Amino acid sequence: MIRFENVGVRYGNGPEILRDISFELEEGGFAFLTGPSGAGKTTLLRLMYLGLRPTRGLIHMFGEDIATLPRRRFPDMRRRIGVVFQDFRLLDHLTTFENVALPLFVDGKRPSEYADDVMELLSWVGLGDHANAYPPVLSGGEKQRAAIARAIVGKPRVLLADEPTGNVDPALARRLLRLFVELNRLGTTVVIATHDHQLLNAAPQARIMTIRDGRLTMTAGGTP
Amino acid sequence: MIRFENVGVRYGNGPEILRDISFELEEGGFAFLTGPSGAGKTTLLRLMYLGLRPTRGLIHMFGEDIATLPRRRFPDMRRRIGVVFQDFRLLDHLTTFENVALPLFVDGKRPSEYADDVMELLSWVGLGDHANAYPPVLSGGEKQRAAIARAIVGKPRVLLADEPTGNVDPALARRLLRLFVELNRLGTTVVIATHDHQLLNAAPQARIMTIRDGRLTMTAGGTP
Amino acid sequence: MSARPSGWGRAGPVFAGRNILPRAHAPLRTFMVAMTVMCFLAAMAAGGMFMTWQAIDTWKAGVVSEATAQILPLDDSPEDVKKRVDEVVRLLRGTEGIRSVRVLSMKENRDLLKPWLGQFGLLDDLPVPRLVAITLDRKNPANIEALDGLIRVKVRGARVDAHGHWVLQLSDMARTAGWLGVAILAGIALAAAILVAWAARAALESNRETIEVLHLVGARDRFIARQVEKRFLRAGFLSALAGVVVAFLIFALLAFIAPSEGIREGAWNMLFGDRQLALRTYVTWAVIVIAATTISLASARTAVIRILQNMFRQG
Amino acid sequence: MSARPSGWGRAGPVFAGRNILPRAHAPLRTFMVAMTVMCFLAAMAAGGMFMTWQAIDTWKAGVVSEATAQILPLDDSPEDVKKRVDEVVRLLRGTEGIRSVRVLSMKENRDLLKPWLGQFGLLDDLPVPRLVAITLDRKNPANIEALDGLIRVKVRGARVDAHGHWVLQLSDMARTAGWLGVAILAGIALAAAILVAWAARAALESNRETIEVLHLVGARDRFIARQVEKRFLRAGFLSALAGVVVAFLIFALLAFIAPSEGIREGAWNMLFGDRQLALRTYVTWAVIVIAATTISLASARTAVIRILQNMFRQG
């Protein structure tokens, strides 16, 4: 599903952030990505969602080498990947509902088709009352939940979540994790970058990828 | 030091987010502010840093009623308060060094006076190598640490930190908490809004303020 | 903390207008103001140019449509001269293509000759020719040469002259004024094009974040470009139109209340009068609106493509 | 992910230029382009207006500095007339304030009278007055009335006329052209003021976040306003100057390579020639730059004060 071979990344002329990363994540896998702040977790996720080309190495996703993928194929690829960004990346001029429905909207679906689904998802993440609020008036945790909802609304085949529970309380974090686990059970490959050790413990079946000093180590873990 | 009397807040015509908040925090106190996501923690901090006027009630800070404080006195008041914003609020066009030194710069100090102090602080929070980097290229945790450094660089008499460890690993979180405790020992009143229960446990002397359904409860706690 | 009003109160969970670029933010509004102001200037310049051209045409036509008949005194008695003058007037009145005929009084005659013959009492005695001012029908002017031949034969010592000399000079002047007007219009149009293209680009640049997010959630380049075009087509067209409408209103006001009769008439003809003139004005104004909108569209489109292509290359 | 270059490579930990508003971002650059373009247009309009005025002045001066002496044939023999003409010329040549004197040939005389007296063979026989063209010294013209008195006394049947009639007409025209130029300049200035004020406000609006953060870390309103003013003073002034300099270069080019001698001379006089004309041009251009900068400064200042005062009121 996702296969890295000797991938290296450096930004500009800076030091190499990621060095010789090689791993494979099978379809339907569930993995946590940890490591100290600034280790390169976000960078690794950016490689996976085509947000950054590696300096060297090969990255296969869905059986294709994304380093040689032509630009016009990007949208198709992206529609199969849901991303929760660390800084949320919500559009301030759209309501929470519109933000969450955005992947469906750009896919050409009509609001009448997806309105109910989106509202249900919003309720699930606790934003039912805020569907018509704009992101600037949401609390930090509410923004994070809107970002999560947007990432999973299209039922992506791969979900990449960058620190998705940094701004919510532990109870809510476990609730959101259940959402990811549920999605994983339906076949989605899930990668969650997090510092939250309690979250790691709450999903014991997951593999744990740790980045330290630019190198990746991976626990065996079991697929569900 | 900080005294709330029957404070209530509602945004526009929305529901009352905070209701009848009354508490007093003595000079040199240390308090954690918790509560579920969307409870009103950020709102309460905004009241304290003059970022929002209460709909009703009295707020005394430094012995003055800030509801009737004229605008031109705000800057003096603000210079005694350091704030770590939940969304960091770094200026993208300034380097990390310049962002952190901003409170000193607007206070009229000369770079030559504070350059060493700022660099030392940056090293302490692990940003020594990133002094000349701009915020858009920092990792999430690095931005958060820059925001913390900016809040404490002016040795404020009150420090308000909103979720200051949501994007850093547990080890770094404890290191940053030590920074707050150290500052508190030197006389700064500290209020930290957080979901991180491990952080709560790491500072047992602190009082814990919990917001739930718009109401505040407060544990007794002991001053250090 | 933001100045944005709290987000309550929108009715349904729909994409308002189904356009997902921000409705109005400062850079887009600047673009719109720039479009309005520059299209206003261009429309004013075009209108002013047409009015000047027309004023010159009118003047030229006035001169062209004038001619003079001269009757030499010869050695006749004043009564005989008068008879010959009456004969000329009769002939002229009978000719098609002549609107009016007027015999200049002796005083007028003298005044016309004054610059050359001086204010001497002597002019009374000098045998000066009698002049008849002829105004031709502009639409269907009489042939001056044929008329001249006729009059010469029919009346002794009489002839008809066109004011050809002046016409030539005026044509030169008109040509100069025409080119000057075109140069001014071209200058303003160029300035407008630069400013409008730039403002469109800047307005789009400030949507970079939105474009990136759209791309990240799987929008195709074509979809994003169409959103941008929709937004700029609407904003640009309406703003350009507003500028031209303001120019129209100013000229319309001139047509009614300008202090000078000439300007009033010129503005009237340009806007409501002569069908061909009015058509020329409106077509030019339409071209201004279309050109400005096209330029801003093209500029925004180029910018969006550049943003999309440069996105996510490296770091 | 952002297009900003990775932030390495700045040397020291200092505030570059000690101005903490962003150096150049799209809205500020739009403001700068608007300043340049509008100041360019205003400077071109002012220059064009001055050149037109000057052309009219030159024409007027040409007419004013001309006069005619007439010598009536009376009943003299041609030789006697010639003597009297020579006498007039001698007198005129001896008068101060006259640059040149020229006796018109018989043919010229006849050509001048042709429009009125026709192309009859008769003119040869008619006793037409002889004309002498006089060109006055523009700086120190002779007094025409005194001259007329003198000539009348000294030479029988002679007199001197100024072209007063034409001067009056030309003054009217010059006044009209002058007001037209002022109206055009005023229109462009107004459009420029609106656009520039708006662009400045928009550029500032897009710094709202920065202003809020500055305020939050304890900056005084005065400090923030000063930062804004520094930024807009510099950006606005330089852009306005650039626009005027481009206009200057275009006129300078005209002064050297314009196809028409008149335009060449006009542009030259306006820029480098007559000290007073040049001074007027440069002062006007300076006023344009100063006014544009002031307007943008005032607009930005008003905007920053409004942002500061509306900040943190409620929600």
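General remarks:
Labels A, B, C and D are assigned to the chains in the order they are written; within every chain, residues are numbered from 1.
The criterion applied here is as follows: contacts are C-beta pairs under 8 Å (C-beta built on N, C-alpha and C of every residue); 3 or more make two chains touch, one makes a residue touch a chain.
As the structure is a computational prediction, the values presented were derived from the model and not from experiment.
The set of chains touching chain A and also touching chain D is given as B, C.
Graph distance from chain A to chain B, where chains that touch are one step apart, equals 1. Of all chains, the one whose mean C-alpha position sits at the greatest distance from that of chain B is C.
Chain geometry summary: the mean Cα position of chain C and that of chain D are 23 Å apart. Between the Cα centres of chain B and chain D there is a gap of 62 Å. Chain B and chain C have centres, each the mean of its CA atoms, that are 65 Å apart. Across the assembly, chain C contributes 1, 5-6, 8, 212, 312, 315 as residues in contact with two or more other chains.
Multi-chain contact residues of chain B (touching two or more other chains): 11-12, 51-52, 137. Residue ranges of chain B in contact with chain D, taken from their complex: 11-12, 49-53, 71-72, 74-76, 78-79, 83, 89-95, 97-98, 101-103, 105-107, 111, 115, 118-119, 131-134, 136-137, 150, 154.
Listed in rising order, the residues of chain B touching chain A in the complex are 11, 34-38, 42, 86-87, 126, 137, 139-142, 145, 162-163, 166-173, 195, 197.
The part of chain D that touches chain C in the complex is made up of residues 1, 3, 6, 26-27, 29-31, 33-34, 37, 40-41, 44, 48, 68, 70, 72, 112-113, 115-120, 122, 126-129, 131, 157, 159, 161, 163, 165, 176, 184, 187-188, 191, 194-195, 198-199, 201-203, 205-206, 208, 212, 307, 310-312, 315.
Contact residues of chain D toward chain B in the complex are 1-2, 4, 6-10, 13-15, 20, 22-23, 25, 209-210, 212-221, 223, 309, 312-315.
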